[in-house]
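Two complexes are shown next, each including subunit A; its partner changes from subunit B in the first to subunit C in the second.
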Partner chain A sequence: MTSQDNVPMTRAEKQQAKRLKRFDNPWMNPKLLWGLGLLLAIVALGLLGRIFWDPDLVFTGSAPLKLPPVGFENLRRQEGIWDYPLGTDGGGRDMLAMIIVGAPNTLFVGLLASLIGMSIGIFLGFSAGFLGGRIDDTIRVLADVMITIPPLLILVVFQSAFGDVTLTMMALLIAGFVWQSPTRLIRAQVLSMKQSGYVQMAQLSGASTGHIMFREMLPNLVPYLFGSFIASVTTSIVTAVGLEVLGLGPQRIPTLGRTIYEAINAGALIQNLWWWWGIPTLLLAVIFIGLLLINLGLDEVSNPRLRKLS
Partner chain B sequence: MTTPVLRMAASALAIAAFGGMALAQDVAREDTVIFDLDRTIQDPENFNWMTPGTKRMHGAHQTMWEPLFILNYGTGDLDPWLATGFEANADSTEFTITLRDGVEWSDGEAFNADDVVFTVNLAMTNEEISSREASTIRSQVASVEKVDDLTVTFTLQNPNPRFLVENFGVRIFGSFLIMPEHIWSGENAATFAFNPPIGTGPYTFASASSNRAIWDRNDNWWGAKTGFQDLPAPKRVIFLGSGGEESRAQLMLSNQLDAAQNVTIGTFEAIQAQNPNVIAWHDDYPYAAADPCARQLEINTTVAPWDNANMRKAVAHLIDRTQIVNIAYEGTTEASQTMFAQYGSMDPFINAVVDAGYGLSPNADPAAAQALIEGEGWAKDGDYYTKDGETLSVNIHVNSASTEYTRTIDMIVEQLQRAGIDARAVPVENGVFWGEVLPFGSFEMSYSWLSCGSVNEPWASMGRYTTADVVPVGERSPGFNNTARWDGEAAEAYTAIMADIAARPLGDEAVPGLVAEAYQYLDAEMPFIPLVQAAKLLPMNTTYWTGWPTADNYYNHPFFWWNHTHQIIHNLEKAE
Partner chain C sequence: MGRIPRAYLINRVVTLFLTILIAATIIWIIPRLSPVDPAEIALGRMAAGAGSVANSEEILAQLRANMGIDQPLIVQYIKYLTGALVFDFGLSTAAFPTPVSTLILNALPWTLGLMILSLVITFFIGNLLGALMVWDRSPKLVRVAIPAAMVFTSIPPILSGLLLMWIFAAKLQWFPLTGAYGIMVEPGWSWDFVLSVLHHGFLPALSIVIVTFGFWALGMRGLMISVQGEDYVKLAEAKGLRPRYILYRYMIRNAILPQITAFALKIGLLIAGQVLVERIFAYNGMGKLLYDAILNQDFPVIQGVSYVIILMTALSVFLVDLLYPFIDPRIRHEAA
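And then the complex of A and B:
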């Protein structure tokens, strides 16, 4: 033991050590963590909120009308009260209960839709890229055609035809429009990967197609698939909120988009009921920022060159 | 090959011509009055009012087509318009109408008894014509004859002391409109588009698209020439589709709208705070004017389980009217006691029904509802009632044109959900709602006001639910009567009493008793469930125009989508 071991590290050395530590585990990316943190906070809000707050306050007529958040006054000079800390809307619904129930719902639609969409995309992308031939042609043409159709247009027609839809139904409908780009991208990746040595080796050793596709090649695409997944969650949520703001989402199940629709429809802007449309808008912003951070973080995880050096 | 080229050339010419016309007829904002339109104009090229669609309330029957009489809600009198008076025989089976002298169509032809006889005969002979007013004429008139150019005599199938006010008096929304014989003769009234349209009114049609219709003043109007009325002050009238409450409010604020459709009281207060020129029927709370069409939950009595009277009655017990008043109307109206509009003139009939024990409670009675539902074999399984593995559910169609409608239904959905019925709201666009959902019975329940009609006697409302008007689902209910398709023994008994009431003169002392007697069947069977009284809060802008109808200036009611709006437009004066 020399005395050198006990010499405290200089600042620069400390930073370097920290950096190295970070490089040791790429998943400890701050952007990724912040993003996950924001989304988990929304999920936690939903879970804990249901325990500590009464989610039934989310239904029409369960609270006084148009109360402002605590500390504010509405146009009728009523002050906010702690029974309804974030205020109430024009239909007598509590805003806190609304975000407790509505925000996780919005996230749920996005996750479910892109989970289904991605699964379809992975399956079709691999099949097209790996099997080639007629199958490739069919899938490629199908994806190319679908990609040119604006999803909102079709969804608006669908939803108006269905009338009241459930969240799951809505997620399924949206899933029908988020599988095309993953399919195309995965197909391209698979095509290039097919030529690599380990795939050809597996083929030579007689592994089945399913084995090669999903056991040999898929694991190499995982970070990439994650990135693609988050991107499609964002698309799905944007689509879902778009439909809800048009009043085409579920009628009775609260979602952030529907709350904004009702606020606009009932003249919340002119009545200065800012909490009615402002709070859901803020939460949507939080969800989108969270997703963006995760996406940036995942990029850095899968592509070391993007990691900052300082 | 030449056709498309020709067509293009023709449309280029047309565009040039219209462009030039639009420039030539530019009308200043202060000479224009802009009314709100709460629906899309699905067929802006068609002006055949006898067929379904937005053919009248986009300005046609407010500016171009005039009624014979206008019921004055303030005085209760029939104000003469195209007609000057009438005579009826003792048992109300023959009515003779005298027409005004000097009335002209806007193309210069004279308006006379021939036009009246021609149009009434059209409605009587063409079974395909479906509008409410035409169906009513068909079911009442036996024959119509011209006495001389200005006199027409109607012979009725049955005595009907209300014949004139019901058909020609703009009692509710519209009246039977007389069409020019020289243009309509030889046309099939069920398919004729009547474009370009003409009328006797002080305005002529200028243009229309799906969200607006423009009408320009005819300075050669007969009324000014004969001294009947001065030319109205506005040179142009526009009916503009405003969209929802928020855009309505913004248009009012920026003075781009002179009279808006119903808004909630909070929105009205906000408008008034920012634009003090905006007024309503009353200067103060509750601002709104009483609407004669009380709101109700319509039920399609042919669809299980709602074909069962006990189930319908259970729903009626579940409805908390006080809550609807407080939430959906923010306290600006009151709960309905009966199907009738709670006008002073209706008191004798309302009291008779309430005294007989058939009045409705303002509050819910969940225990009574539960007993009825369970009595029909349904049992609570989790949140909802089920029977034979089927959940008790209902879809309620609602017109999405106004927050008032959707919020009432949200409230009812909530009340039913809490009681164990899986209710859902199905919002539908205004035109689709009236054009496709209601008349054909393609609903389980819906929110509307189809017993509307009575303002000073009971038959107009009650007579809409007789078995004579029952048609199968998928066929159009005549004049929106009995869209519930209420049939069966009770309905037959009810219909018999209606026939009795119909023949009695206005003010007959036996009528309140008969109303109560008939009401027992409505109470027992609930073919529809009365909800609350309606109030319309219509913001009116005095920036450009004054003379709007208000409680202090009560020349008539303010519902500017009705046929009486001629009176409103004639009363408008340019603001100083």
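And then the complex of A and C:
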């Protein structure tokens, strides 16, 4: 039965038709869209928050100390007020302003570090896979060696030696540790693609190495690159938050990890100041869940076998 | 070495050696690029303790000689490398004159214990759940509940740790807030001590378990999907074997093998995550040692801890790579 017969479809049939249509375009994957939506919400929080809220409230002492969120009461029987809807921390900073400034900072570090890491990975992966020989050996051994070194520990040494860092500096440092997996992935893909017909065709027709690498092969790698990119954003943010929780991130810029660090050090858990550590924790969880959903969605886009199970 | 070709073995050994050498070198170079002078930090600590320090110039020179930083860089480097080979990182500056290796040896059993316990639990639960997600006879509850639990996968263990600490230690007070054993308990092989250790270790282990089992479950799910359609599974079904038998002996046994390699790639992140969990729980392991060393600018300890953890990671990857052909006889290493 098709719609051409002008017989009205039952509800179940409509749903099935809709589902079939949706899977015509694999990129309209619900998990992917939800994940992107969550991350965009964080970005929107940062952009709109700066317009509708006063970001100067992140300065120490700009608000009363340890006020609870609206609708709650703290141990001193103070109630939350709408001037500081999410409460204030032990240093008199407004939590809402802290997350408006802090959450985009966290995303920024992750995205910048992964962008740089991916660029290095694409460059090295292509060079290794395509040029082969001694270049390949060097790059492969280097990637194999660096992949087993946990970035957090090297960066702990670095930041405790140099003291305060800026956000960009931290992103650059982390970028030095997220290029290995993209390099390995791209190298493997390039090696198998090199044998395929269209690449040999391009070679025979005299296309330059650069043209083959970036115009012929790179577009075919896009789904892999996205997946790898999201994975390295996750690693970068985990590393950045780890450094911040150890008290080693940027000292004067609000970040979600540093807020948690200050809350633990001030004994916020015992004093029942749950909003102080809980709100940044919740936002970080939203960021990580968003990244996970994007990754699961991308998996389904590139591997149709997984789709029917969801 | 039986099935492992010599070229592959040499390749892995060279990689292991290079990893340790490069990591050790980076850790050594970084503090030397920094403008901070460790001798002045030590002097500052003395001044803070005594109020004022007379003849500070002589003390500085003596401190530099003690720390060996008055010698040429190349001599320092070689001394450091030969020291690192036998785990000699000099003396801690904050807990002077305790050797760094003693501090690390005291912390290491706690970290290893917590790590092995949580790894075994997560590997078991995660792979079983992942397999059940795909199995067409698993109870419906499993299939609905797991994707929800899967959300936890993406969260680093510090966040779950904070949440568990608040609920079970601060609010309900079922478990202690910090530490690895009670302050009233004498360390030793007594029943009280063991109970106290288990009581204190439960929350840190749980916070690692609930966020890492999903990683195994997700991986297992993908592997089971590919095993599901295999001919030998169909044959087993046609033979009329019990479905449970097919699940355990035919499907899981074949699907689980690549999970072991996944472990090798993940271990670095797992260890780094655990260091942070130990820090927030003030658990007596490497994480707390590292955090205290950062607070005190105790560079020998920071270097030693980082070096030992990187060494642990590299060694586990190496072992997994070598053991793999014995676990899965289908894999034969190419002479790469």
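Here, the second predicted complex is superposed on the first by the 303 of 310 C-alpha atoms of A that agree within 3 Å, B and C clash if a C-alpha of one lies under 4 Å from a C-alpha of the other, contacts with A are read in each partner's own complex, and residues count from 1 in each chain.
We take it that a contact is a pair of C-beta atoms (placed from the backbone, for glycine too) under 8 Å apart; a residue touches a chain by one contact, two chains touch by 3 or more.
Bear in mind the structure is a predicted one, so any value in this text is a computation, not a measurement.
Because the two structures share subunit A, they can be overlaid on it, and in that overlay subunit B clashes with subunit C.
Once chain A of one complex is fitted onto chain A of the other, the partner contacts of A:Leu292 are limited to subunit C, with no touch recorded for subunit B.
Using the contact criterion defined above for the overlaid structures, shared-chain residue A:Leu65 touches subunit B, although it does not reach subunit C.
Of the two partner chains placed by superposition, only subunit B is touched by A:Asp164; subunit C is not. Contacts of A:Ser205 after superposition on the shared chain: neither subunit B nor subunit C is touched. Applying the stated contact rule after C-alpha superposition, one finds that A:Gln195 touches neither subunit B nor subunit C.
Once the two complexes are laid over each other on the shared chain, residue contacts for A:Thr10 go to neither subunit B nor subunit C. When both complexes are overlaid on chain A, the residue A:Gln251 reaches subunit B alone and has no touch with subunit C.
If you count the residues of subunit A touched by subunit B and by subunit C, you find the higher number for C. Superposing on chain A, the segment of subunit C with clashing C-alpha atoms against subunit B, chosen from 44-52, 260-268 or 278-286, turns out to be 44-52. Within subunit A, the residues touching subunit B in one complex and subunit C in the other are 163, 247, 264, 269-270, 272. Listing the residues of subunit C that touch subunit A in their complex gives 14-15, 18-19, 22-23, 26-27, 30-31, 33-34, 36, 134, 150-151, 153-156, 158-159, 162-163, 165-166, 169-170, 177, 221-222, 225-226, 265, 268-269, 271-273, 275-276, 279-280, 290-291, 294-295, 297, 299, 302-303, 305-306, 309-310, 313-314, 317. Per the touch definition, subunit A reaches subunit B in the complex via residues 59-61, 65-66, 75-76, 90-92, 163-164, 247, 251-252, 264-273. Residues of subunit A touching subunit C in their complex: 141, 144-154, 156-158, 160-163, 234-235, 238-239, 241-242, 245-248, 260, 264, 269-270, 272, 274, 277-278, 281, 284-285, 288-289, 291-292, 305-306, 309.
Taken together, the subunit B residues at the contact with subunit A in this complex read 244-246, 248-250, 253, 263-264, 266-267, 269-271, 273-274, 323, 326-327, 330, 395, 400, 403, 406-407, 410-411, 413-414, 417, 424-427.
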